[in-house]
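Naming follows writing order (A, B, C, D and E), and every chain is counted from residue 1.
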Amino acid sequence: MSLELLIMFAFGGAFLTYLAGKISSKLRDIFALLCSVALVVIVSSLYKVETTITLYNGFFGMPLSMRLNPMAWFFAIAIVSSSALVVLYSMSYMKHRERTDYYYFMLLLINAAMLAIVLSGDLVSFFISWEIMSWSTFLLISYNRNAALPAGIKYIVMSLIGSMCMLVGIISIYTAFDTITISEIVQHMATATAGYKLFLLIIFSITFGIKNAVVPLHTWLPDAYAESPSPFSAVLSGMLTRMGIFGFLLIMFVMVGAENSLHMGRGFFSYHNILAWLGAITIVIPTFIAMLQNDAKKLLAWHGIGQGGYMIVGIAFGTSLGLAGGIFHTLNHAIYIILLFLSVGAIEYSTNGLRDLNSLGGLFKKMPIAFLGGLLGICGLIGIPLTNGFVSKWLIYKTLILGKAPFLAFATLLGTWGTILSVYKFLHNLYLGQLPQEHQNIKKTPLAMQIPIVILSLTILVFGILPGLPLKSINAMIVSFGFTPLTVSIWGISSETGTLNMINIFSILLVVVAIFWLIFQAARKSTAVDQYDNYAAGAAIPKDKYNYTVEFYAPFYRMATPYLRDIFDMLYQKIARFTEFACDNIRKIYTGYVSDYIIYIILFLALLISAQLKWSVF
Amino acid sequence: MNEMSILDPVLLIAIPLGLAFLIPLLGLVSKKIVRWIPVVGFLFNGIVALLILPHVLKQPIIVKIGGFVPPFGINLYAGSVGMLLASLIAITGFLVSIYAVKYITKGAEQKYHILFLLLLTGATGVVLTGDIFNLFVFFEILCISSYALVAYLGTRSGLEASIKYLIQGSIGSSFLLIGIGLLYGQFGTLNMADLARQIVDYTEPSVFVSMVFMITGLGIEAAIFPLNAWLPDAHSSAPSSVSAVLSGIAIEVGLYAVIRVLFTIFAVSNFFIFFMVLGVLTVLIGEMSAFAQKNIKRMLAYSSIGQIGLIVFAFSISTQLGVAGGLFQMVSHTLGKALLFLCAGYMIFRTGSMEISSLEGIGKKMPITALCFTIGTFSIVGLPPFTGFASKFMIIRAALANGELLLQILIGLVLVGTIIEGAYFFKIIQTIYFKGAHKTDNREEAPVTALIPMLILVSFIIVIGMFPNIIDKVLQPAASELLDQVKYIGSVLG
Amino acid sequence: MEELKKKLLAYFTDLTIQIHDDYRMCINTQKETVVSLLNYLKNMGYEHFALLSCIDWIDKGEFELIYILSAYMEVCDKYQEKEQGIIIIKARISRDDAKVISVINVFENAEPYERELHEMFGIKFEGHPRLTPLMLEREYEIPPFRKDFDTLKYVDNTFGKIPSIEERKANYERT
Amino acid sequence: MDRNQISKWFKNPGKMANKYSFHVVYFCTGCGIIEIPPSITTRWDAERFGIIPVATPRQANLFLITGYVSTKTLKAIIRTYEQMPEPKYTVAFGSCPINGGMYYDSYNTITSLDKYIPVDGYIAGCMPRPEAIFIGVTHLWKLIDMDKADGYKRYRRDYKFYRANQEQLFKELGWPPLFKDASL
Amino acid sequence: MKILSLFISPLLALIIGLLFLGISRKITAKIHWRCGPPVYQPLIDVIRSFSQKSISHGAFFDFGIILSLSSSVVLIYFLPVGDLYAMTSGGLIAFLYLMLLGPFGIALSSAASGNPNSSIGVSRKFLLALAYEVPLLLVLLTVMTHYNTISLVEIVNIQAGTGMAFSSWALVLPGIAYFLILPAVLGVRPFEIVSAPQEISSGPVAEFGGKHLAFYTLQHALQLFVGLALFVNIFLGGGTLFGLLNPIAGTVWATILGIIIFLVKMFIVLVIELFINAVYPRFRIEQAMRYLWKWPTLIAFVGLVIVAILN
């Protein structure tokens, strides 16, 4: 299975699904599923393969090539498997919605573009697939018509800014080393001056910062996640935003090389330190803003930003443990954020479009599978022991604490506590509490939706208890960056300064829970009671008004709301308003009177002549 | 020179001119044939131009009209630049005339087709001529026929726009004439090569006056910043097929003339910084005023200004890469803008009004036209798989090649312009596909004669975008020819 | 109090006013003039609507409605009323179809009093926004505060006979 | 107070624990509630008997009804009694719950509480002082020992009788019957 | 040793925890001038709750309380009592995370009951947790960076040599900060907002009946034990007294003596706490958050800065 076949298969699959859609929707669903599953098989068969092949050099004679190494394989398998699950999920989610073949075409095109990004061997094909990814994402974000349009515009403008920066970066590399294949650039990079490397790092980190939503550049993310259709926002949050992390890895460790990207500048003002602090701020502020959200998907979106901060801190801190933590967190975050979006999508599907946190509740009786997915996703997001989130966060904390950065560690731990509060609000308002009247008999989640949720929940637990599986491939990647590999055993990490053994935590907790469960059953049997038999100071329960979900953390609301507004979003809105105002005024140059136009011509003539007389321009 | 075989640049001008005068006679026979004459004419022109193109790459063909030796007689200089633009004009003319067959039904059709032929002959003439007075003559044919065509619809806005265009155009032509007169007065010759030879060793500073007048004259037609006030009204109130040709070809030809004057005749050097700033200014003003537009054709007109600014900026880098980038940008702009105007034509025809808000939900009613429009926008904004990206890539490479700080700042501003351009174009795409109620999809697709040119243009855009090497073989010799003044003089004066 | 009495007599017809020693003025009037009288007194400074109650003259077949107004101290000085007194207005309505105009738009705080009288005496107050039951849990055919309401009989048939000691023992031992 | 006789603990821990750890739910009807605060604070410390006031009936096992019971509060009393977990005892203060006391002829005071919920003990006194309350409670210990305080068993056994009385007094009760088989 | 401690330490913790609860009720009563319940009263309460027939609002209502109790027991394994410890995997970070599992379990079950009082209680519990977590994290980070290790056992061993932790001046400020937030960590009187009987009818436990209430009391006792044990372990040097035990180290007696010293230290800290909380009225949640984020955080932050500068 060579790489060209893979790329051909990915892009071809997208177009063929569109055509199949024209014939019959059933055929299209099956075809889409087949495509993505086949992709999973192909990529997993390429496990230990390291090849580079040039596709074609029609583009101004530059060789556009594909490359496979442990890093590429790690991200590729994540992309392909998440897209397979999402396609399976959206088979029933999009059943009776209009324009579904357009949706499938875009979804598969985005996955193909992401695959091309990850496998690209040179910067131009990297840029081409990056652009294809961003404009097809734009088309899919604005799929949900009215509220999604401004979100789409905000997204595309910011990603255009990002890609323009990248274009300038790539072309400056091309002019400096006149080669674009990454392997050659790495050799030439040694000769480049430190200033040039810093310029490259900054330019590329703006692009990847926008895509990975580091705090000052994150404002597009909440609207884009909330407004796009749920299966797509799962892919968007799981894999697409993590292309930013792939980019950071590429630029910091592959191209500029680990040793000099980590020693850029002195002490506090070194590049990786500022990046780490940006990551820390990205963890804390969005997580606390997430607490004040009333829309389920907005809340998850703000968490997407927060968790992105962990990865940035892990990667920017530069020790092999931190790097392993950061990359492992990328995978974990992808798993549980997709799971959470799919479970919110399931709720949206059953209550046809309702996702306001204040008016839902008690759904765990009616939708057990979505609840299971939600609960495990949340445990992963918080990082409760036995879930995969815990392992990667543990790695990051250990590096920060032992790496003499207590304040960074404080920010990350505080972020975790912010996550706990806001994520509990998500669980409580959506699933637990009183089930309102009108949701008594909502649609059951169809099977096609339940399978991905169950699979993802299991992976959370499996990776949590046996973290060795993914850590092996991460180790291979770290070695390729030139770091010392971790000593990884199947169930944990044993390093000299404190081991982490997930198996004995798991076994002890399991045994103790079993013991107490037996004691619980042995005691007097408790009578089951429905939700209306509740203590209400002696009164009968009012049917629908008997729950506390609005402004779940009311005291914190009052204290924190003035400080936790999104300052950057307001700043960018002001800039946007200013450009519109400037555009309107500039248009007024064309007044519409011929006399003015003629004056312009004569002025131009005069200007030319005076320019010559004064500075002899010609 | 080779004999009167099929491969003779003169034919490119003669045939369409002849056909233009043939139309009234054929008109008497039957109305139907008249419509198809421009199509046949430009098909022939296209084939001839494409056949000549490979020969010209190394050695330009000099055609002496009437057998007079160059410095005295008028001669055509069919170099790689000339032939590239001529074939571009021919192909676009051919496609637009197919489009016009079904589009122009009301009004004096005959006059439309005559003027259309004249306009494109003028353009081909300007591109091929080697003599500045001949340049002026063809330039006049081009302008006058475009004044008339702008007013073709006979609507109030059309008339007003053409009058404004007429006034400014005539001022421009008179400046051009003054410039040519001064040159003729000083050097006694009208041949470009001869003039170039004499100016090189002419130390008198007063030569710049004629240059200034010529640049302003040609600049008006080339729509550089202060001089392009006529363009928004003219292009928006002309019928779509005419505005496609106008913004696709007329502006490029005007710009070619300015470049030819600057590079070959006066061979200026440090004028370019001024020209560069002017180009960037045009980009920014073009994009920003396009951003504030509600009417789709005015928006496309303003975006043409923006693109022209980009081409001016590219040429003013005056390196081999820069000029090649500029030419490539000309080609991609012609293709892209023609496609956009053609699609906009039928969209307005179906929805009845030019307002963008009326375009809501058209993606469902006219799926193929909407798709072509989207691909056109992506190409103009410069997104990867399309030509816009390849040409922009080349321009940015040229700008960053010599690493001057000024150039880097200017390229930054140009990219800001493209971001604004991306913003408003994507807003239109959203209005087309995602706004408007779920209308029942009663498909009122554009007629077949309109779809064929659109699809051909789209295929051109995708093919050149994916494999820019094809056109790169033509661009490099063209750029070297423009830059190398001595070679030009040598080849003309023998 | 004297000037007020003179003004009232001048302004209203068929009022019988007595002034008792400790500054209480007692006015008997018809039920139609009650609202205008209250309005007048409110403007005169008696803005505190202290109480609305009712007496059931079962032998005359009439209800007697009693409105009590008083004035806040500082208001009085404004009207040079040296001493601060209370005014009692009495009006008689027939017992069987007891209907009277509600005084809510003059004094809002009369609302609970009127609801209570409606519940306990069965007097209908036209113009009252919501005459829903205020305190009682159950429905009563004869409103409980009426004199012809026999409490003992009511208690027996709603709460049942009070079980004697023997019954309680039997109830307790029932296996 | 046989609290520290270990043998009794091993013989019957449930009953002993019930005796010496009363979590009390007061229903502040009538005039008796004014007696409760002094009984749980410094002078007459109820906590030495293991009696703690508790907010929700779910955690309670002793239900003190302090004073006369009007129809409106009866609804709440029934609801609270039904929400208490199984071994639960009720003690009423004064004579009003027995036979209506001085409100025997009032239109909205019920004359005998025993018809609606089973009452295990009455403490005489209008209203009983804290010492009387403690004597009552210690007497309740004896009743528990002799298995006489079986109000909750009677409620379960004759639920039909109690439910009938309740529904006869209130048209609609707002909650389903506690025990399934008892619905009329 | 390890297997032995697997059984002994949870039982020990339970007994000590219940004993401490009883003592705290007894001492509070004595402060109020009343004679108060016997010391084994919590044990009686637990037996009574077990004998009662409780209600259940569904599977998650039961699972939550079981999860919270079991996580508190697993927490005990992480805590070295004297030099009796069972688990070292994951160190202090895993300990922090497991500390969160207890409240999370209770939150799950009380939300499953659907009672608004318990929801308000849970939201207050999490807000209080957020409030006291800020200084607690700073304190733990200071300790970890000071001893440059993340495993609790190592910290205790290092302290064993130097006796009381206050011997090294760097840890005085975090000690004070930890002491200031101790009532909040234990959930005692001034910070009893979470299960305030009067305001929100005992918060999360509003619906907890018989055996659920028993499990909750056990969990509350364990949490009391954990809070105190953590403080003693980190700042008062665990089971050692100025190195007195060194001569007879390694024998059975040493472990027993170590445990006794450890318990005595915990008792002293408990008594001091009781004096504070017996007289204080309950904070409102805003006041609690403002207090916890003002002084203890300031002191802890200064402590962290000092330690960061030192090494």
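The rule we apply is simple: a contact is a pair of C-beta atoms (placed from the backbone, for glycine too) under 8 Å apart; a residue touches a chain by one contact, two chains touch by 3 or more.
Treat the numbers as computed from the prediction; the structure is a model and nothing was measured.
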Those chains which touch subunit E and also touch subunit A: D
Touch-network distance, subunit B to subunit C, counted in steps: 3
Touching subunit B and also subunit D, the following chains: A
Maximum centroid distance from subunit E, chain identifier (CA atoms): B
Centroid-based (C-alpha) most distant chain relative to subunit C: B
A-B or A-D, whichever has more C-beta pairs in contact: A-B
Chain centre separation (subunit C, subunit E; CA means) in Å: 62
Distance from the mean Cα position of subunit E to that of subunit B, given in whole angstrom: 80
Rounded Å distance, subunit A centre to subunit C centre (Cα mean): 71
Distance from the mean Cα position of subunit E to that of subunit D, given in whole angstrom: 37
Multi-chain contact residues (two or more partners), subunit A: 524, 533, 535, 537
Junction residues of subunit C, two or more chains touched: none
Per-residue overlap in subunit B, given as positions that touch at least 2 other chains: none
Pairs of chains satisfying the touch condition: A-B, A-D, A-E, C-D, D-E
Sites on subunit D touched by subunit E in the complex: 3-4, 13-14, 16-18, 20-21, 23, 41-43, 45, 47-48, 50, 53-56, 58-59, 61, 85-87
Subunit A to subunit D touching residues, read off their complex: 524, 532-533, 535, 537-541
Partner subunit B, residues of subunit A touching it in the complex: 58-61, 98, 127-128, 131-132, 135, 138-139, 142-143, 145, 148-149, 152-153, 156-157, 160-161, 164, 167-168, 171-172, 174-175, 579-580, 582-584, 586-587, 589-590, 592, 594, 596-598, 600-601, 603-605, 608-609, 611-612, 616-618
Residues of subunit E touching subunit D in the complex: 25, 29, 32-38, 41, 44-45, 47-55, 197-198, 201-202, 205-210, 213
Subunit C contact footprint on subunit D (complex, rising order): 70-72, 75, 99-100, 104-108, 110-112, 114-115, 158, 165, 169-171
